[in-house]
Amino acid sequence: MKHITLLVIMSINALTSAQVVEVCKNCDFKSIKTAIIQAKPFDTILIKKDTYKEHDIEINKPLTIVGQDYPIIDGELKGEILTVVSDSVTVDGLYIINVGTSYTEDHAAVRIKRSTHFTIKNLILEKLFFGIYLEKSNFGKIFNNKIIGEAIQEYNSGNGIQLWYSNNIDIVNNVIEHVRDGIYLEFSNHCLIKNNVSTENLRYGLHFMFSNDNIYQGNTFKNNGAGVAVMFSKNIKMLHNTFMTNWGTASYGMLLKEINDAEIIGNTFHENTIGINIEGSNRIVYKNNDFSHNGWAIKVRGACYTNQFLENNFLYNAFDIAYNSKVNDNVFDHNYWSGYTGYDLDRDGIGDVPYRPVKLFSYLVNRTPETIILLRSLFMDLIDFSEKVSPVFTPDNLLDFHPSTTQIQW
Amino acid sequence: MLKILKYSFFDLMRSRWSYVYLLFYFLLGIVLLFLNNDLSKAVITLMNVIIVLAPLIGTIFGVMYYYNSREFTELLLAQPLKRSSIFLGQYLGVALSLSMSLILGLGVPFLMYGLLQSSAIWNFSLLLITGTFLTFIFTALSFNIALSNENKIRGFGYAMLLWLFLAVIYDGFFLMALILFEDYPLDKLSLVGTMLNPIDLSRTLILLKLDISALMGYTGAIFKKFFGTDYGLILSIFMLILWTILPVMRMVFKAKKKDF
Amino acid sequence: MVSITNLYKRFNKNTVLSGVNLEIHQGGIFTILGPNGSGKTTLIKSILGMVIPDKGTLMVFGKNIKSNSSYRHQINYLPQIANFPSNLKVKELIKMIKNLRGDPGTDLELMERFELAPFLDKKLGTLSGGTKQKVNIVLTFMFDSPLIILDEPTTGLDPISLLFLKERIQIEKAKGKTLLITSHIMSFVEEVSDEIVFLLEGNIYFKGSVSALKAKTQEQDFEHAIASILSNNHA
């Protein structure tokens, strides 16, 4: 009984001792750094609206740092701004600008180092090098942040949100633009990347390597220099994302390299030079995706085995599928192809003639890229037609036996 | 020359076939714009039609007009007129009236659609410009063939062969060349090959101004450099002008030597 | 007025004119005769600059016609086949030719005589051969030029129009003009000619008046005279 009473008193004590520490021009604390030094663990530091010229702020105890009406923290290009080295830190509602650029160190607006259970939300980051950088930190949430860079060249710009050896992180509802890579994951597993908008980035909208069991859902990747690159990962789920207008001589909606056992479902690939570029990726299910107005909807290179392309819409792409070999071990079934010209006599919504998605021209372009100069010429249309009638060069078992006659709805 | 041009022009403008041609483009424009509602897609489809049809119609009308107006030409030859003005006038009359059909036939639906507010106006203008160039080039080529062949049927046959060659067969040889020499750098070969055929040149010129140019730039640095810059545009237009002027010059030269 | 020296013309392997020398003086009616393919039309077209000779010089009104077109202001030409742009109306054709020559011309009287008024608004493509020929004649005679060249002018004409044509030819002659005519209708030739130029195998076989020809061939009848030339020559 006594022990319980003591415990209650202690916890009440702890609650009441969790104070709000205010920072402003006329407050006791005029700088964030001093407020942090003075604050006790689990205190809340309330930063009032003003401009604070500070950098290298280390948060080394569990604190909640809240900005009121977006106070500005100006790093004056001198280095990193916030560094979190403690568990259970929340950073909320700050306007952080002028992160220092360096060729030797990756300065970030906010860095989380070997910590867990953190929340980074409602931040606006501008004039940055790296945005939010997670280093061996787990179980965190990053949401509602706006990261707007001014990246011009790859070598002296950083990434919007970067994860390195960090697991179980939720990245939700962030807007990232004009940085090098919008979201970058390396050796990070069990993460949820959801409803983010990553646009106009210099290199990739999303980039991950060696990161397994992640879910990417409802994100929009638009106008990025090279699109989205995902490599060397297993058990990925990519659901309902939009990959748009990644036009350029070496751009694609998505590059898959050495990805195994993934689900790619319900995504939209619109106006990309290459919708999906697939290299050495196996056992992937592509279902209910829309591929519209791309140069190549899907370009398959190298060994790709037992992939399934089911119930997708291929709409007005210059080339639907490109293969660089005559061997096909992948299944195409029940897709809708806008280029399908067969008939459906029994009116069951499935064309009676199989569709052959690889055109001779796409085979030729694969073999001799310069032949692209004959794109949309009458001659090419003619030989494509003859190849369709009797395939010689394209994999003759690459057929959709049940092409849908109407666009597939889901 | 201007007088002859005027008469040939109005003569053709009043012919049923000019109306058919104009109406065809008009309907095509309407269908593409109002049923499809995608302007850049419409421009691509129009390009496919124009690069085949404008040369074909230019060839057919050129040959037909020449042979059908032979007696009229003789009448003109007996008048105090220079030969060059007679033939240039007739040629320009045909080429201009065909171009008019093209420009009006497509321009009106596009204006109705609200093209002036659209960003596709440059692509569309380029389409009309290359279409007009092709009309002028192929009308000139067909006049050349007609001038060199008294036999109507043979002349018509040669003209159609020329069209078939440049529209289809040429690309076949082009493709064979590209594949045969695939071990060598092909950038220059493909650029030169394109320049030497006005249809290919027009097609490439339009494609490189459309978004689809990224597909072309996918290969080789010279492509990228060529297609990515104004230099390519200027050189292409220059080649089209050359393609127009050379046959016209030969036509005038040939006309001066010919007996009627 | 027209002076031709040493005129040669070949079409492919076919020699049509081989060294023609011809002098045509001002005033009077010259008819050019000859069997089919003797080079009548070629000769006329050479004078008009429509056929470019291989060799020889052609002087019209004292000037070499080589690469020159303005001398045709002073020539009226009636082509053999009257085929006009079919979309043009008669009215427009006449207006056009006037416009092209930059000469208002005098077509009203001619139109009246040929009774062409009802056809003025018709398209040329719809006219009969005879009516077209009438239009053709109107186009030829409506300008006042010192040299008039008629290639088979009687083709397709009804008797009344033919009569008028002959009348017109005499009027022009009376004005002191030079007329150069080809025709196959011997009676017509005999009736109108002051001088005959007989072409045979690309050369001038005979040049002189009808009576001189008769005298030379010792025939009374003009048609027989011509026939005798042809049969003697071929014999």
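As written, the chains take the letters A, B and C, and residue 1 is the first residue of each chain.
As a working rule, contacts are C-beta pairs under 8 Å (C-beta built on N, C-alpha and C of every residue); 3 or more make two chains touch, one makes a residue touch a chain.
Remember, it's a predicted structure, so these values are computed and weren't measured experimentally.
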Item to complete: Could you work out how many touching-chain steps separate chain A from chain C at minimum?
Response: 2
Worksheet item: Compared with chain A, which chain's mean CA position is the farthest off?
Response: C
Discussion item. Closest chain to the overall C-alpha centroid, by per-chain C-alpha centroid: which is it?
Written reply: B
Worksheet item: Taking contacts as defined above, which has more of them, B-C or A-B?
Response: A-B
Worksheet, complete the sentence: chain A and chain C have mean C-alpha positions lying a whole-number Å distance apart equal to 89
Fill in: Between chain C and chain B, distance of the C-alpha-averaged centres to the nearest whole Å
42
Worksheet item: How many Å are there between the centre of chain A and the centre of chain B, using C-alpha atoms for each centre?
Response: 47
Worksheet, complete the sentence: Touching chain A in the complex, chain B uses residues 41, 44, 47-48, 52, 167-172, 174-175, 178-179, 182, 186-187, 189-190, 193-194, 199-200, 203-204, 207, 211-212, 214-220, 223-224
Fill in: Contacting residues of chain C [partner chain B, same complex]
9, 11, 45, 48-52, 67, 69-73, 75, 77, 79, 81-85, 87-88, 96-97, 99-101, 139
Worksheet item: Which part of chain A faces chain B closely enough to touch in the complex?
Response: 247-251, 271, 273, 293, 295, 316, 318, 364, 367-380, 382
Discussion item. Show me the residue ranges of chain B that touch chain C in the complex, using the header's touch definition.
Written reply: 3-4, 7, 11, 14-15, 69-72, 74-83, 256-260
